[in-house]
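Next up, some structures in structure tokens.
Note that subunit A is present in both complexes that follow, paired respectively with subunit B and with subunit C.
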Partner chain A sequence: MSEVTQEQITELLCQRLVYFTEIEMEVSPETNLITHLAIDSVKLLNLVMEIEDEFDISVPLNTLVDVLTVQDLANLIHKIKLSSQ
Partner chain B sequence: MNLLEKLDAAAAARKAQLPEGVGAFGIPIEESYSATEARIGERRVLMLGTNNYLGLSFALECREAAHQAIDQEGTGTTGSRMANGNYYGHRALEREFAEFYNCRECIVFTTGYQANLGTISGLAGAGDVVLIDGDAHASIYDGCILSGADIIRFRHNDPADLEKRLRRLGERSRNTLIVVEGIYSMLGDQAPLAEIVEIKNAYQSTLLLDEAHSLGVLGKTGQGLVEQTGLNNEVDFITGTFSKSLCGIGGFCVSNHSQLNQLRYISHPYIFTASPSPATIASTRAALKLLREGSSLRERLWQNAHHLYSSLKTIGYQLGPQPGPIVAILLDNPRQALALWNGLMEHDIYVNLVLPPAAPEGKSLVRCSINAAHTTEQIDRVCDVFARLYSSIAE
Partner chain C sequence: MSSTIATLGVPPVQKTSSLSSGIDVVEPTPTINLLTQRRADFTTLVESLEYAAQGETGYNFYDAKGNLKSVLSYRDLCASAKVIARRLSGLGLARNSRVALIADTTPEFVELFFACRYAGFVPFAMPVPVNLGSRAIYVQQLKGMLESSKASVALANLDFIEFLNEAIGGLRNDELKWCGTPDQLDLLPEADVALLQNTPDETAYLQFTSGSTRSPRGVVITEQALMTNLRGIVCNGLDVRLGDRCASWLPFYHDMGLVGLVLAPLAAQLSVDYLATRDFAVRPLQWLKLISRNRCTIAFSQPFGLKLCTLRARDSDLVDLDLSCWRAAGVGAEMIRLETLKIFAAKFAAAGFDERAFLPCYGLAESTLAVSFPDIGQGAKSLRVDAKTLIEKKVAVRVQADGRKYNEFVNCGRPLPDHEVRVVDDTDHDVPSMAVGSILVRGRSVMSGYFNNAEETARAIRADGWLDTGDIGFLFEGNLYITGRRTDVIIVNGRNIRAQDVEELAEQQPEVRAREASAFGISNEDGSTSVVLVVECRLASAVDRQSLINRLQQMVYMAFGVNCLVELVPPHTLPRTSSGKLSRFAARQGFLRRVNMEQPVVTINTVS
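Coming up: the complex of A and B.
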């Protein structure tokens, strides 16, 4: 997992997000977490906890303010993962 | 979407969850008769959704103290503690709280919300970390945001998860403030404080315990979870509110760290607000005395709490993990919760309705809170109504 790519992170997020939304739709990198998937704040925070455990990183909640899409989240995780190595 | 359209969208989402005409949120209370009864509309209602844990809201000592303070000092201070609002009563209450907790320092804040906001944002700053329980109160989240520190959550009441997140922080764990609560406001469960203290010591972090719901409720003299667990010397900072067991409004932070005093000069929620009114301070001082002497009230409170918890469990309701003054009934969806809430109101019983995302784990809650003034007959009536409503909820 130490050499994880941005694409792998995006793919994992797309898989995981299906379980966090009640809306049935295909999740893509462009999918907006709130307007498309109706992910509420608590669900997003719970998703972040799972991601932290998956990649053994810390994702401060204050870094999520600019995250709108799946791609934004993947970029953030990738950046944190790289800086933690 | 412009600013107002965003509010319209939020209002539409709220109305979709809660039909027009259902006034579960912000319900108008026309008259308050006692610690247990009020008038809502034309109904005389049993209040089972307050935070009046010791039932002191009409205590004679507190009312007399408040009256006297108004007569002697007026209705408000009109200024900050930093300016013209630093009265004898504020300083006396700080001394009394410090003595109650056997701590060197105490700061009184204007609300409990500001106590967390002011303490957290005063202690932590940019580059630091605040590590909070997943079910933390909004005042804790907001204090973290105001601080500018990195905010990380750990799984609710899970010390192993806390330890894992501290480990990931490496050296930064020494600049980490861990924040937990004595009793959590939604499910009514208590923090595993001994394990949390052990971990915070191992990682040389700092621990803040919010006793908002546990002050007056736990411990021999009512200090809270810290007293019940005998860990007074292990917790760095304790915050709490006057608006629950003490039946006023305001908040405090106590500590043996002398540095707490510096918050008076850097904490905006302390500085840039008017100090509590003389009546509030006077009634709180009187209530604190009653709280300290109130072992019989605590005994009664816990009898009532066990009575309600065990009765509802026997009926078959899914409840929060442990008995206490907050008895949360967990329901799978908002429709069930709303139906139960409506059924209780039709039987003149008021409880709190909590819908996602405010409720933990995606559940909906009907949240009851019990107090020392409830009679056995009142609780029996509540349990009888809950039993009658159970079958309709289960369908």
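Coming up: the complex of A and C.
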């Protein structure tokens, strides 16, 4: 798991996010979490929990303020993952 | 578990404090204190701390996995707050200067808060950012609070200091003299000054009630108002006794988190176990585990927090939980639906939760925190009233016959001693028992006003001292029942959202003119609330219209963390009053008619 690349994280998120919303749609790195996927606060917390468990990291709240797209989120996870090693 | 109880029952030797970092934390502060318990009979906050500091109890902070992270006994808090107070005093500020603190759940926040009181300054807590993509709006909110409070000092820990610096960059006033982290403050010299005693009529703190970017309002609470309310909470609401211990995940920047679960426990020398709000939200069961493990007796939540616990708990989680120690499960801060409590109780009964522990209460920051409590140990009592009569005649009539549609309202109890509650109609006359009207409160806990804002203060507090709460409800046998809020506040997942703030956000878009947007809440079938934004729009192209809708949804999400239904309508669709003001009530009616939605006032059940 420690060797995970940014591309793998992005791919994993895209797969996971499809199950996260009621809307049937293709999720790509450019997908906007708010306007396209309508991630509300409860879903966001669920997502954070899954990410933390999956990648064994802790996502600080202050880092989410710059996240809008799937790609932003993947970059963030990758960054945290790298700095935690 | 018995070993934990034994450890907590005996005062352990305090081996560390948050000031002497680097040493491993060994034990949380004990539940049982050797000091004689005094139940909030102090005249100032500092006096409460000076007394608590003679005992062994204090605050304990846990990480996301439930491990004890740091301990701040009242004794250590008292010592460190005085040191920090002398550093602050060296800045040469006038007494009653405001100090802004970004309030993460940390020992540093509590130390700074009390340091301000020792130094004669007025602290206030600012929120931490929680929403996706919310940087710009969050910085705006900080800026609004710094300007409105005319803060002289602003502090944030390393995680949030960059937001604070960004906010300070664009300040329109020049009161701010110092900004930094607690570590940077520690580098300042201690001034050689005598710390003066606080007086009951001095301002103890400000509490901001809204995340509004343009017009944040800081509630001014005096020492006297605070101590009155703490006494009410400790003696009348909770009937605090020996052996009590608190657990909390509530944010320190909310009145219930700060007054209810930081200041009230201190005023009764109780130990508290804290979980950061973020950690609770991601893993709510950690809160229940903390209660179970440390045998906590008092823990409050918004209904939304209880809902999160119910949603996330698997049956396998219940095995290790023993919640039989939890005697005061306070519920407040938003409309309480009996259903939420019932579902929680049903789920956690297997873990020993006793539904008689439920303590539904009513309060607001403008009255420090608490207004009314029912008797403790009774559980949530409720009243079923006829739905039709309630809507048509604004009167609560108890349901007698089967088969009638009814609304069920939770009994929020009687006002604290020395406080009065009135229910009035639109012409300000008292209505009879069971008739629905605006709820007014008068008493010593009521705020002095909104800081530096005479206009808003005059709108909230009448000349004769009655505070208009903005809530509606009725009285029955002296007990208060809340039936809703007036249309200017939308409550989603426990968060108060001012309709005006949503409308102002919309008006920031170039396509939207002033007074051409109306925001309100609608109830969904499952009892949840959605925010609706109706905007008058002149755009013809479908692409432009969709782009505006997307932007509006994104803005609302970033600011408030909720999804929002946006409807674009032709100009002159929104109903206006004779003075040209938009009527949110009429806008809501129009929207419901257009989408053909039947709208229950609150949940409507059918007696079976």
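By our rule, the second predicted complex is superposed on the first by the 85 of 85 C-alpha atoms of A that agree within 3 Å, B and C clash if a C-alpha of one lies under 4 Å from a C-alpha of the other, contacts with A are read in each partner's own complex, and residues count from 1 in each chain.
The rule is simple: contacts are C-beta pairs under 8 Å (C-beta built on N, C-alpha and C of every residue); 3 or more make two chains touch, one makes a residue touch a chain.
All values reported here derive from a predicted model rather than from experimental measurement.
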item: Fit-or-clash call for subunit B and subunit C when the two complexes are aligned on subunit A; value: clash
item: Greater residue coverage of subunit A in the superposed arrangement, subunit B or subunit C; value: C
item: Which superposed partner A:Asp66 touches (first subunit B, second subunit C, both, neither); value: second
item: A:Ile57 touches, of subunit B and subunit C: first, second, both or neither?; value: first
item: Which of subunit B and subunit C A:Val42 touches, first, second, both or neither; value: both
item: Interface residues of subunit A shared between complexes with subunit B and subunit C; value: 40-42, 45, 48-49, 52, 58, 60-62
item: Contact footprint of subunit C on subunit A as seen in their complex; value: 32-35, 38-42, 44-45, 48-49, 52, 58, 60-62, 64-68
item: Subunit A partner contacts - residues on subunit C that touch it in the complex; value: 64, 128-135, 138, 159-160, 163, 278, 281-283, 308, 311, 493, 550, 553-554, 557-558, 561-563
item: Residues of subunit B defined as touching subunit A within the complex; value: 129, 134, 144-145, 148-153, 155, 164-165, 168-169, 356-357, 360, 362
item: Sites on subunit A touched by subunit B in the complex; value: 40-43, 45-46, 48-49, 52-53, 56-63
